[in-house]
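Heads up, the next two complexes both have chain A, just with different partners, chain B and then chain C.
Coming up: the complex of A and B.
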């Protein structure tokens, strides 16, 4: 827990420092090529950019602790736009897409991984392996475009745009999100499945499994009752890693399918040098990553009491 | 006349048996379209305007930070949707590029062109039903003025020294100097009229204005849904019942969305796949040569560019047509070191036309007292699209004339802050201005804010002031003709090409002649187009 906070603090320092040294000035980018030195100076003053870096960091991190990520540079005079109001809806969209993808991919990955472990070196194992290798090897945008070409352009079953608007019914949302979810799952199922398979197979050669085999226990019971509990630690770690990826790394999918997620918001903010939004996104990403890894550790300890009592 | 305009659709694909891979993909798109659109080749542009229907336009540069505040409108997303669809200014640019009355019914000026009177149309209403008053106009202008302003239009309104009301419908502008082009300035999309607040300033937060469509739903960075304004001041317009703007940044996603019928129009088609798209019989490609132009700009105060013969040698050492064919794949128009696009009033084509001429380049090099020349040319992909390719081609062309160009690749990030106006020889993307005066005032007069060539010419500056306060057309033609000639012969900007606006749309959409000053039919496509 404590180490998580320390990590987060260090990350916040890195984010702030990295952004402080970015080339280009928000005021100049925001005001465009029509900016004169005078308008730039006016603008910088109104954003508080003329204050020293340390002072800006302290006020930013102080607000962030309370859940206030500051005010976007795009605010007009007298009409503040909080970073939360810009990121909020995007984060909700991203979490929604991530949740659907996770609900589909995690059970599938576990199931395939266990099947592959039980029937290892069979044709089923080999073909699952081959398929997942293909999944890992292709970049996401390629998979996305192929799926789009096949299932949206050639056979117009699904939509090429994943725009969901309030008031859409469940069926349409499902149709709209089918392709991005499929694209994401294609990549992450592979990773989690292979890890599950490897973790279980690794255990299957241990002496206590030999013992269970000698007792005459059925192979699937060996895997589920004897091997799997000991495999949760590596499996939960890789699942946490992939869930974090779902939140922080699907920007390519968001761009290709025009899904208004947080990754896209961050890229836009970087382009327009809206620093508070960039910092907010980075902090949220870091938090998601740290929290999920923490959760993975907790699961590992909970499922394997030995880890809680180091000798 | 000079602008390449209208539709371009190639031959229909021959069939699967003999098709190449490209044609195959074209076919694939065509099959998908067949499901959603009539396969008949409707000659959209010929039908008469009629009301009804809905349409979806895809624009490519919206961000979550976009707001209704006209002072912040930089992207084409904001300028087209908010400037051109939600709002009106006192004047607008019509399809021929002339400034014509919009919210104003008429305008007139004093003899010295210093005092301009605009008369509002009677019965103008905002989207919430409130009447448009003279005070709304005044506050809308003041929004951009004053020392604390950081408005994108600050430079445009700088010459206004006073605005006052005269009766219920007249607004009187007093300028610091005579300016015959003031109606063009008033057409600037930032100078739209929004409701004034009681204590001064304007209330832009609600997105209430006077335009052909009012906001139904606005999600910054995602899209805007709008519906027809029933009280619109132009009889019969607008034609669509509903319009929707969608922000699609990725060009492949835009193209797919158009092919699958999810959108009806896309801005900025990909020139690399344009031929394939043009083969689709249900899609029209519109190519309009606008004001935007690309230059390699030389700082005339830095050696060796301070020598006019060196500048001239470089102007002759570039094969513009080759660059247009190879770097822009034919999607640009050759320019002749004159930033004034041919459709701008008083544009001329200065002689001699600067074409690729190794002998002349060498001759000028000799006159400059040099036998060889080595210069650094700074470019980045943001300098203008395919600028790096263009610069590398230029390097090859110039090498034949004994000029060695080192192409320096700069970072895209911060290019306009750290390279442009800092390095002596750089690639520049100019969005252009609709009049000679505004173009020269912002970029070529001595001390102009964007004078990246640091060029100073006394005669040019004198003519600029003279032309601004001159109302006689023949005299202005003479003045601006001479200015363009001076710039062409002596200036530091090697203007190589005018860009085309290349958009693709479904043939469901019909339109008249497309405006050739600004993007998207001078920003007003939602008002001017209709369903075929």
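Coming up: the complex of A and C.
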């Protein structure tokens, strides 16, 4: 727990330092080529960019701890736009997409992984393996465009744009999000399933599995009762990694389907050098990673009998 | 009074329960099927105990598993038949075989610690077969399991099942596994080296429990072991196997008194190796009043010993007694928390980092498991050549010549120089470990159970090698072992440890002939003798039962006491 906070603190330093040394100046970009040095300096002062780096960091991190990520550079005079108001709705959209994808992909990955482990080297296992290898190998945007071509253009069942607005009903949202969710799931199911299968099969050569066989236990009970409970640590680690990816790494999918998520917000902010938004996104990504990995560690500890039931 | 299994007449009158005919089992050796069991036949009647003995690779375990119609992955049963109670197991479907396994034929594995699922409570694993069989409720089955735990003389039979495997000691787990095998009242139990991993004192208790339960329930058993003295206590009949073939088969008494084959007789003589004790010399290593801790937990207390130059000091005691910890403290791997250690009169810093290079070179360790201590990706040249270069500065051709010299010292030859550890046998790997330790030209060798993973014949060769090296190079050994026969073979002086303390020390003959401390007595009494009535004698001896009481307390205390950090190699 403590180490999570320390990591987060170090990450915040790195984020801030990295952005501070980046070339490019928001003031110059915003004011255009014709800006005089005076106007640039004035503008910088109004944004607080003239203050020393350390001071800016302290005020930024101080606000972030309280949940305030600062004010966007895109604020007009007199109409301040907070970073929270820009990122907030986008984050909600991303979490929504991630939650749906997770609810579909995690149970499917576990199920396929377990089935593949039980029936290993059967035709079922081989075809699942081949399919998931394809899933991992193709880049996401390619899968996205292929799905779009097949299911939105040739057979217009779903929408190629995943724009959702408040007030849509569930069926409509499901139709709109079907293709992005499918694209994401295709990749992460493959990864999680293969790791589940590997973690279980890795245990199947253990002496206690041989013992279970010699007790006449049926193969599927061996996997479910004797192998799976010992495999939760590696499985939860790979699931945490993939769930973090759902939040952090879906930017390509969001761009392809024009879905208003946080990834796209960050890309836009980078383009316009809106540093507070970039920093805010980066900090949220880091937090998501750290929290999910922490959760995986907790599961690993809770399922390890040596730690859960000390002598 | 316990019934001696020899009294039962079962072997003459009972019906044949297990009949294995001309069994051939082959193993896949990179595409080529090589036989590991070469046409063995055996038959076993109801209630009869058959001992299978032989060194590793003799095909004992493979044969034992075949009695359940089971073969390990990578093996296949090529020929022959296994008939259990009239059912031909090899012709039956896998489903039919599964029905018999665990219920009619049960298996007790060598290492209980790894054969229990670490994630499930012992009781759930014990009753798994019985629950599958059905007929009884969970509560009734649990009651049966508890009765069996009590029969196996487990402490707290009503509560012990609620524990996880890592929460009980190795000996208790081994007895729990026997209870697990008994739960469905099988006709046959295959015991695959059930006491090999245990300390001698624990071994006696497990042996006694196993024998009682097998006799009381009139269960037939295949008892696999490499230790003749152990099998002599249980078996009606003994089969000696070697290289997958039958060497000799006879009734126990006749096998012990009149072995026919030269190979069988050679198994008998291994235990008779004995080094004449030599007069003490000036001490080279002095340990005085050393304490050591793992965290807050005291693992060594007030250890004082002198190590005379050119002699062997054997450190004995059961697992958890602090033998290996003592070795780690002397080597500097675990800093002592108080007390002093001196080598050649110069004090040694307690931690490895503060010791001078010469002092580091002066003490070398050889580990029990050569598999774990040798980097599997390094050739023998790398493994032995690196310390040669490090300590003598020799490189290239000169280094290679020195490596060959060292290999010849440990009776390996030049052509092993390019081998990887996986291409060597267990004994050869241990020789490489020894050569690597000699390469540093140390004054003191710490040998941590270096022979306990090896077959008896190989053990004897390694012990002889160690003795010859001592004669030629005048080296000093600290030899950690739990085996009294090994102590007889190599020691000049002996230290007996129990729960982190030295309970008795002295010259070998004195300590072995007149053990003063009760624990030393118990340890010596627990060494199996080549006498089928040894266990009866031990159990009936009233003083022995007192000792057993005491050991029992030690064993239950051990449950809380023995923990150790992961070994650092």
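To be clear about the criterion, the second predicted complex is superposed on the first by the 300 of 311 C-alpha atoms of A that agree within 3 Å, B and C clash if a C-alpha of one lies under 4 Å from a C-alpha of the other, contacts with A are read in each partner's own complex, and residues count from 1 in each chain.
By definition in this document, a contact is a pair of C-beta atoms (placed from the backbone, for glycine too) under 8 Å apart; a residue touches a chain by one contact, two chains touch by 3 or more.
These numbers come from a predicted model, not from an experiment.
Colleague: Following the overlay on chain A, give me a clash-or-fit verdict for chain B and chain C.
Modeller: Once both complexes are aligned on chain A, chain B and chain C fit side by side.
Colleague: Can A:215 be said to touch chain B (first), chain C (second), both, or neither?
Modeller: A:215 contacts chain C only, not chain B.
Colleague: Given the touch rule stated above, what does A:226 touch, chain B (first), chain C (second), both, or neither?
Modeller: second
Colleague: Please work out whether A:289 is in contact with chain B alone, chain C alone, both, or neither, and reply first, second, both or neither.
Modeller: neither
Colleague: More residues of chain A in touch with chain C or with chain B?
Modeller: B
Colleague: Considering only the touch criterion stated at the top, classify A:72 as touching first (chain B), second (chain C), both, or neither.
Modeller: Touch partner of A:72: chain B, not chain C.
Colleague: Is A:245 contacted by the first partner chain B, the second partner chain C, both or neither?
Modeller: In the superposed model, A:245 contacts neither chain B nor chain C.
Colleague: Regarding the shared-chain residue A:306, is it in contact with chain B (first), chain C (second), both, or neither?
Modeller: After superposing on A, A:306 lies in contact with chain C but is clear of chain B.
Colleague: Taking the superposition as given, does A:206 touch the first partner, chain B, the second, chain C, both, or neither?
Modeller: So A:206 only meets chain C here.
Colleague: Chain B to chain C: minimum CA distance in the overlay, Å?
Modeller: 46
Colleague: Which bits of chain A are touching chain B when the two form their complex?
Modeller: 22-25, 27-28, 30-34, 36, 38-40, 42-43, 46, 72-74, 76, 79, 81, 86, 89-90, 145, 148-149, 152-154, 156, 159-161, 163, 165, 255-258, 260, 264-265, 268-269, 271-272, 274, 277
Colleague: Of all residues in chain B, which touch chain A in the complex?
Modeller: 28-29, 31-32, 35-36, 63-67, 69, 71-72, 74, 147-155, 204-205, 217, 219-223, 246-250, 252-253, 256-257, 259-260, 262-263, 411, 413-414, 416-418, 431, 449-450
Colleague: Considering only the defined contacts, which chain C positions touch chain A in the complex?
Modeller: 65, 68, 70, 72-73, 97-103, 106-107, 109, 111, 114-120, 128-129, 132, 163-167, 180, 559-560, 563
Colleague: For chain A, which residues are in contact with chain C within the complex?
Modeller: Counting only chain A, the residues touching chain C are 205-208, 210-218, 225-226, 229-230, 303, 305-306, 309, 311.
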